[in-house]
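The two complexes that follow have subunit A in common; it is paired with subunit B in the first and with subunit C in the second.
So, the complex of A and B:
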């Protein structure tokens, strides 16, 4: 049923029909007549670079049918400026679209444009929380959240960011997106704020937090990666973690190993130590045979990098 | 180009598109997990020759991408020449050329075209050339063995240069007031490197005189800035490591010759060039960690292999085949830590590993660092669908995007091979050799090297073009 063709408000517009490029179009889609008609009118108003209320309404119609249409979002953003539209109303509308289309880049780019212009983060953290309730690892939401923290300097411990991460990791300690955001909150501030330096005590707090998470679930790779990252970032030796890793894997007590990641870390620690390549090889062999056999080729490769003979004792 | 780093990162479909292509018939289940070659051929034939159903509407804006994802599998299967006539293939090329813009590059879909009302300076930003679409167009022309005579080579290279930002990243389109629109992520840099390679691979230099090249150091810096604390690569600094972005970065570096070269440490030429990733062992560690026996969404995301009933092997028992009965036979790949296996990451992760292994000297005699046997079992036994194609997650109906990348992953694992005669699947023939950096067959990629840009346009191709212009009224 034609919506635009019979609408007097659109009578002055000559739609641009789809030209599908010759007799054998590739990947033609059996889309609805409504979509085909709306697209024809969209092409017409875009060709005229029309900035109007009716064009705005048309973009809304199309976004409902095809939220992945990237120029329609850019066009919409430009119209909003041109007609000085109410951006708060736009944000409210956008919330409903975002909740319906969880995996869409354009929606989040549009949100960024709007919130940047509105100049306020009010309500954003609560809305993000409702998005994360649906998918706690939604990449777009986490990317937008980093932008929000930078834009409104939500770095301080009382900004609610760190507390929200603690809560999310309490709910699911395997949520690597939350771990990554935590890293961002700690280290993203450097280079963003002049003179800001990450304090030693903050690094200690983070190490303690990650260690506690390992104790909760020793086979969770996220906190192990976090610990290694902290040490590398602050140029501290892996060997600092030898006792901690040994809590979860000891080479002489294979029956009590509780984490392949602990063995992996021990292998690296032994490899760094003089004349301990043999121990490293034992750890890697344990990984290849019993504790992480689907990565056997990888562990064997790691073994091949070690010196073939024990260094002579000094 | 869409949108969803989960489904795709690189070139994704919305999840809504992950629906059955056509109502599935119900053939009997095969007795053993096998690559069902003939079913894949009929799946792709349907995709090529009949309308895609309405749930693909969100991909209407990226049909050039979609068409590559249909043509490439038929090429890998060696069936494109069997299921199409030369005239059809010529028309497909014409359809692609109809998306080329006078100022260089290709629009992402015919549905974007403003037709006769398009004026570059007035409304060109609403019908713009599109970076990924340009790669998909050029790659599809390679697959179709087009002569490239109608490609606006110089214009395209100049436009690609304009798509680069000061920070080294590339955008997707040029928008209003010349703004570079689209994210800053590696997908665009990757597509630029592929396009640039294709446009410069052939014979003939005269078009290239005075064409300023892109800033490759800038792209490498941009990739280094997006390395994460756990060894992966993300779309922007501090974002979470993601296998799709990691692939785009590593493949772009590989095409640019900017992966570190361990076998060639003494070479001063490589040493002077800026390379990435900055810590190859760490990135290999991250990539190796992506393989997982967690293949169903309901399954626990972490596994403890030592709890398997008889997990007591000695190292000497680890031969080429370490496929003991107690370890699950299928292991796919996730795109991020602690997520479930997803078909497309068998390609994104597998290809990244294979490119990085080469520079780390870790090929292991071609066996690779992933468990390729379990990866193959994941693909053919878990995500392959009865009607052909692959689903996103085990048990899902097939969609074009995952079916295409699933097949590419199988080709990379060496589902051999029409040429070597080693049989596989119910059709008795395998897949062409895949180029992991370009995500198409080595044969199709090689076509670009044979293009002669200086050769005058043949009368025949002029005639084709003329015939097409009459049909389209252009």
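So, the complex of A and C:
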């Protein structure tokens, strides 16, 4: 059923059929007719570089059928500028498309262009929340969110960002994307704002937060990585975590080990201590044989880095 | 190359699988050859925006399978050149805008098929034009690369630029030091790399960052032990690899994780046997093709990355793959000289 061919608004346009350089033309079958017809009109208006309401409507039609066609998005963005369209209305329309096509990245690039031009982040956090309700680890959404924080300087604790991350981690403490955004909020500000330095008390707050998360779910690599990252970033020794890690793994009670990550950290702490290489070896052997055997070669490598017990014969 | 999925399914006939799984080479070759005959399916047209990538994936899979002649060389070159724009960039298909990702696929195909003479015949000075198109996408302030004139930045595009330019011996056209500096800024607190500074570590982005540093000759900047620990942690008990913590396994990460480990000499930190078993379970042994995981529909994207992953861990009968380029080693050796 041709939609454009019989529409008076399109009577002056001659559609351009596909020429894919090969001998086999588009095989017309019923269910791709609408798409093929709309594409032939797109080729025609793009060839004429037409900037109009009807061309905008045509891109909307095509995006509904195939949101991954990046050329259509770029053309649409140019039309919006050329005809000075209402960008808030565009954003509202875009929300519904984004919620239906979670894996599409063109939508996010388009959004970034719009919100940048609008110059306001109003409503964005609420919309991102509804996106994350559907897929809390969507990489496009998190990348866009970082752009939003930088663009509108949403670093401060009362910006709503940190609160939103706490909420997400309360719902799913395993959400590595949320942990990464938390790190970004704490440390990403350095280098963005002149003279800004992360306070010691902020680092303490973050350590306490990560420790509480480990207690909730000890076998969760995200907060363990976070703790290691905090110590590394602030040049503090791993040994500070010895007591904490020991809560979840003790070398003499292998049946009560609650976290391979705690064993991993303990192995590093023992390795740094003089004359405790033996204990590090025990921890690494437990990982290689019982708690993480699929990476036995990795634990073996870590063992090879330890100083050998006996001094070489003189 | 069409991105139509199916008709096969990974591990569809799981009950019938023999104890010792083998790669169904002939079926995969036939499957890839059949892809462009499926123009009566809507999905063929809806995936038009990936066509040139798909051609690179299919062609590379065939070369690794030891069947480089399975696609007609002239037809492939004609199609690739029909996607080229005056500005030196390539679109996904004729009529699609030029973009870094398709330009890189075009260069990879031209290199694999040794087709630069044909390029110069059709477009005199064509190689230099491609180089200029790519070089113009670099942000000279930050060293990062955009995918097109609209400016979206991603380490995928930076990697693609260095990949294509190095294959054409045109790396001098860009500021490699600044690009390297940008990649280094994408390293995260957990030892991995993301799509940009601050972005979450992701196995696919790790591949692009490690690949870029390897091509630039600056893998000395990588903390191999920390990155290797993060990468090896991606292997799940079923043998498959995931892209991020707490995510599902997927055959494509067989390539991105394993190739990154190979580039930092840590491939032995994961279990090759279990990875091999996982990939083979994702193939449709009768209709050909490989899926993201057992039970799902096959497609050419997962087919090439499954085969490339198997090549990396030394599966018998496959051509050796170059971990930095995802192309046959024999091809990159010829193109780069002495690699």
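The definition used in the following text is that the second predicted complex is superposed on the first by the 297 of 314 C-alpha atoms of A that agree within 3 Å, B and C clash if a C-alpha of one lies under 4 Å from a C-alpha of the other, contacts with A are read in each partner's own complex, and residues count from 1 in each chain.
Here is the rule we use: a residue touches a chain if its C-beta (ideal position, glycine included) is under 8 Å from a C-beta of that chain, and two chains touch if they have at least 3 such contacts.
Predicted model, so just to flag it, every value in this text is computed and none were measured.
Annotation: superposed three-chain arrangement on subunit A; subunit B versus subunit C shows a clash.
Looking at the shared chain after the overlay, A:219 reaches subunit B, while subunit C stays out of its contact range.
Taking subunit B and subunit C in turn and counting the residues of subunit A each one touches, the greater count comes from B.
When the two structures are aligned on the shared chain, A:103 is found in touch with subunit B, with no touch to subunit C.
When the two complexes are overlaid on their common chain A, residue A:247 makes contact with neither subunit B nor subunit C. Contacts of A:288 after superposition on the shared chain: subunit B is touched, whereas subunit C is not. When the two structures are aligned on the shared chain, A:177 is found in touch with subunit B and with subunit C. Once chain A of one complex is fitted onto chain A of the other, the partner contacts of A:61 are absent, as it touches neither subunit B nor subunit C.
When both structures are laid over each other on chain A, subunit C collides with subunit B only at 404-412; the other stretches in 314-322, 404-412 or 458-466 stay clear. Once both structures are placed on chain A, subunit A residues 18-22, 24, 26-27, 29, 31-32, 35, 39, 43, 65-66, 68-71, 74, 109, 137, 139, 142-143, 146, 174-177, 180, 183-184, 187-188, 221-222, 225-226, 228-229, 232-233, 294-295, 297-298, 301 are touched by subunit B and, in the other complex, by subunit C.
By the touch criterion stated above, subunit A contacts subunit B in their complex at residues 16, 18-32, 35, 39, 43-44, 46-49, 65-71, 74-75, 78, 101-106, 109, 137-140, 142-143, 146, 174-177, 180, 183-184, 187-188, 217, 219-222, 225-226, 228-229, 232-233, 257, 260, 285, 288-298, 300-301.
Against subunit C, in their complex, subunit A makes its touches with residues 18-22, 24, 26-27, 29, 31-32, 35-36, 39, 43, 65-66, 68-71, 74, 77, 109, 112-113, 137, 139, 142-143, 146, 174-177, 180-181, 183-184, 187-188, 221-222, 225-226, 228-230, 232-233, 294-295, 297-298, 301. Interface of subunit B with subunit A (complex): residues 1-7, 12, 14-15, 47-48, 51-54, 56-63, 66-67, 70-71, 88, 91-92, 94-96, 98-99, 108, 110-115, 117-118, 122-123, 125-128, 172-173, 175-176, 181-183, 228-231, 235-236, 238-242, 284, 288-289, 291-293, 301-306, 311-315, 317-318, 322, 324, 327, 331, 336-339, 362, 364, 367-371, 374, 400, 468, 471-472.
Subunit C meets subunit A in the complex at residues 39-40, 42, 45-50, 75, 78-79, 82, 91, 93-97, 99, 148, 150, 152, 188-191, 194-196, 198-202, 228-229, 232-233, 235, 237, 244-247, 266, 268-271, 274.
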